[in-house]
Amino acid sequence: MAAPKADTVFKTQDNDGGVSSIMSLPVRAKDLATLLGGELVGNPDVPLSTLGSVEDGSPETLTFIRSSNYAKFWADSACGCALVTQDIEVPGHNQDTRALIFVKDADEAMVMVLEAVNPKRARPEPGIHSSAVIDPDAKIDPSAAIGPGCTIGAGTSIGAGVVLMPNITIGINASIGKKTILEPGVVIEDRCIIGDRCHIGANCVIGADGFGYLPANELRPSVKVPQIGIVELGNDIELGACVTIDRAKFGATTIGDRTKIDNQVHVAHNCVVGTDTLIAGRTTLGGSVVIGDFAMIGGAAVLNDQSVVGKHAKVAGGAVVLEKVPDGETYVGTPAMPARQALLNYSAFRDLASFVRKVEKRLKKLESE
Amino acid sequence: MAAPKADTVFKTQDNDGGVSSIMSLPVRAKDLATLLGGELVGNPDVPLSTLGSVEDGSPETLTFIRSSNYAKFWADSACGCALVTQDIEVPGHNQDTRALIFVKDADEAMVMVLEAVNPKRARPEPGIHSSAVIDPDAKIDPSAAIGPGCTIGAGTSIGAGVVLMPNITIGINASIGKKTILEPGVVIEDRCIIGDRCHIGANCVIGADGFGYLPANELRPSVKVPQIGIVELGNDIELGACVTIDRAKFGATTIGDRTKIDNQVHVAHNCVVGTDTLIAGRTTLGGSVVIGDFAMIGGAAVLNDQSVVGKHAKVAGGAVVLEKVPDGETYVGTPAMPARQALLNYSAFRDLASFVRKVEKRLKKLESE
Amino acid sequence: MAAPKADTVFKTQDNDGGVSSIMSLPVRAKDLATLLGGELVGNPDVPLSTLGSVEDGSPETLTFIRSSNYAKFWADSACGCALVTQDIEVPGHNQDTRALIFVKDADEAMVMVLEAVNPKRARPEPGIHSSAVIDPDAKIDPSAAIGPGCTIGAGTSIGAGVVLMPNITIGINASIGKKTILEPGVVIEDRCIIGDRCHIGANCVIGADGFGYLPANELRPSVKVPQIGIVELGNDIELGACVTIDRAKFGATTIGDRTKIDNQVHVAHNCVVGTDTLIAGRTTLGGSVVIGDFAMIGGAAVLNDQSVVGKHAKVAGGAVVLEKVPDGETYVGTPAMPARQALLNYSAFRDLASFVRKVEKRLKKLESE
């Protein structure tokens, strides 16, 4: 199943069949309205060359109005055009010189615009670069693109439309699902499984050994606990740069479909992360952490070993979860506690020294009476 | 001292002479008993195909019982076999259908089992891959395996049985001790010394400059303080993925023998880490931190510049150590303090706002009387 | 504009025209005095082979005395020579066996000494290594050195004197300014701009997508917000190892001239970091954080999304900034607050449980009277 040799680099292939680069800035308001299927009110010929917020911006800026909070800035805004969620009233609109485009959801419309003007990314062409080192027992789909300097071990399968950017290493008996993109320097260790349409950021390491040791005692030094499990990623997952996900002691460390994980997050062995969760940058998941579907975890949070975050739960940035966040709740702080309680306690903490001093004084006065 | 050319990839060599893959699942209880030198009580032919906890598991699950806390679950457990620390009584054992294997230490026996069934890892064959770029003045032991895309500078020596996975860069005048394994993408900068039998995780960076600057003043911008020292790792050290250890300003940043460091830990310049310590994921060591032998540091902890953690001391996950943790003590929290004190204080903190409100009310009442 | 082919590795080029390696240890005190233009008082022939602090050290140790706090240790110090900031009085100096060198600023003089004895780093020779893969539409200055295993995309320009260590990937339409050095494994994604004389640490990732999603709702899963902006680094910037800087949603994530960023720092999309700032290891910048010129941020700090750190402001290590640090102020703690307030509050926190218990007791006593 040899793929064609391909020695060109980076041809801005459109490997994901997306809508990138179907437009380029500047663009007229009327063309945006057509793209979005929105209703244009105002000057159809406003030229738009940048995107910005309603409070900043120039006459060539496209902005968006998702609520009446934003709408009230429109009259005094310099922006030439806004995408507006339908049914929002926008006071002070000058139809001669400016344009409003009413759409079902301004946020989603902005995403469509960004996608349309998004420059295509550099991707190697389908085929295997001559400098890649592929074991003869690896199975590479002919439509996959394997960039320079990649190494792929025996028994590994690479699906249709997969893109491997340069200098990626994939061990033996691993599997990469179709249309998944791996950025440069990614390491996928033996037997790990990556689903379809995933995007793995540069220099991520998937499948390093979990951190498991029997601690040292009087008789012997610490003993490594072999980590014989794997990592299994579902479909449509995105990992930022330098994410590390460790293989399980046995069984699998798993990440559910459609979950998105930001840069430098560490997922320890045997974690089970649900579907549709969002985990922001530099968060730490200890061993065997369980996160439910649709959870949202802020940046630089710490989830203690064995802690549990429920479905639809939220954890604030920087929080330290010791044990459990119930389904649907929002936890904040160190140790993490319900948001309202945390805000009150941290507010009290800001005045703690002063409170202690005053209480001391008042108690002494009362005691001396 | 030219090593043989070796253009094959990943042949699951057993470079460390270990016992990996001497068994494969499923395995019979009696074969396990033989491997472990344990005493089998029950059905010798129970087939075992997975490992699991005594509370979960199926008739083909091997579990382990290290204390009477676990033993009490055995009667109702579905697991087919358990490794039991000798002298523990296990009530409700059905000898016809299930098996117990009594061993000296169930934890250590489980490690032996995991090791025996651990699939061998992909390793390049001894020799130098044709795509590796080796300075003629580097000394490569003929038994070392240098994978594709590696670069090794002049004056560097690579010991016997060393394994370099793909795309590793080693600078000039560095040294890698015998049987050390470097995972893909590792960078070892000039003059750094790595001991014997170490395991360096993927994308680790050893020997980047320490972060040293004379701060800017009115007369000039900040000035870089040259970092002319090195990093020196002892023997039998393991580093997880994406660990960074900076070179010293002068002298050496050192890590003692048998110390294990988890993913994404950062060790700043001039740290001195003792032997046999365990440092969990994403912990930060500031400049010139000193950690004693046999210390244990939890995940995402922060050790302030110049702070000291004593021998056999423990630091909890997420703790922020400002100055010192005495020998043998356990510190918790921000700022880190003795564990009991921290637990009491954090417990009080959870009710701080409510406490402030109530005290205020009671004081007012007393003052108005 | 083809550069010469260069197949040698690591020739300790002096690509930055610096003064490295103009001296080597040991060195005589008089030679140091000449190098520094300082005034020598004492024995000019003291041989110096190491650097150390005034309290430790041997007769061959060079130390430095930047204040009278250090000067008072001189009489009993074993060090053979000290650099002394002029006008500091050093009691107990034995001129027969030891040497003092008076200079304008002992810290800056020590930097000069370190620079002079700093061994030159391994750098590839100018030219393009035969294993590098360069798009024919990339513009590579002939004086640039492109190491083994590098890949450079179409439309990218590489300036004069640039050094690319091995296994670097640069996307399309990017730009690297003159004399910038990229350490091994760096990834610069499409369209990002790096200024002149920057130093980018090993395995850094510049230009990964920002973490932007419309959260999931009842009708659809989360939606990726395309990140169409770039990263723009000014001149004379240093990044440690494994730093990640994400591209902007639109516009640019920017880092100002002369800013220094330590290992494993994460800079999220749309941050604006000023000039001359110092950001220590493993700090997290959330989305759209703004940092003013000359700010100093300690290690493992967390700057919340949209938070602002003023000019000349300082943030302590481990602090969590929720909203704002005013110009020139120093903030400490979680949540970050003015340093004095934080120190008092954390001091009170150390005794919180005890305080609660005692207040409770005293209130009860008063209430029962």
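A, B and C label the chains in the order they appear, each numbered from 1.
Throughout what follows, contacts are C-beta pairs under 8 Å (C-beta built on N, C-alpha and C of every residue); 3 or more make two chains touch, one makes a residue touch a chain.
Computed from a predicted model, the values in this text were never measured in an experiment.
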Given subunit B and subunit C, the chains that contact each of them: A
Same vs different contact residues, subunit A with subunit C, by half of numbers used: different
Chain centre separation in whole Å, for subunit C relative to subunit A (CA means): 27
Interface hub residues of subunit C, defined as touching at least two other chains: 131, 149, 167, 185, 203, 242, 264, 282, 334, 349, 352, 355, 359, 363, 366
Of subunit C, residues touching subunit A in the complex: 131, 133-135, 149, 151-154, 167, 169, 171-173, 185, 187, 189-191, 203, 205, 208-209, 211, 213-216, 221-226, 228, 242, 244, 246, 249-251, 264, 266, 268, 282, 284, 286, 302, 304-305, 320, 334-335, 337, 341, 344-345, 347-349, 352, 355, 359, 362-363, 366
Residue ranges of subunit B in contact with subunit A within the complex: 7-12, 20, 50-52, 107-108, 110-111, 114-115, 117-119, 121-122, 129, 131, 147-149, 165-167, 183-185, 201-203, 236, 238, 240-242, 258, 260, 262-264, 276, 278, 280-282, 294, 296, 299-300, 317-318, 334, 346, 349-356, 359, 363, 366-367
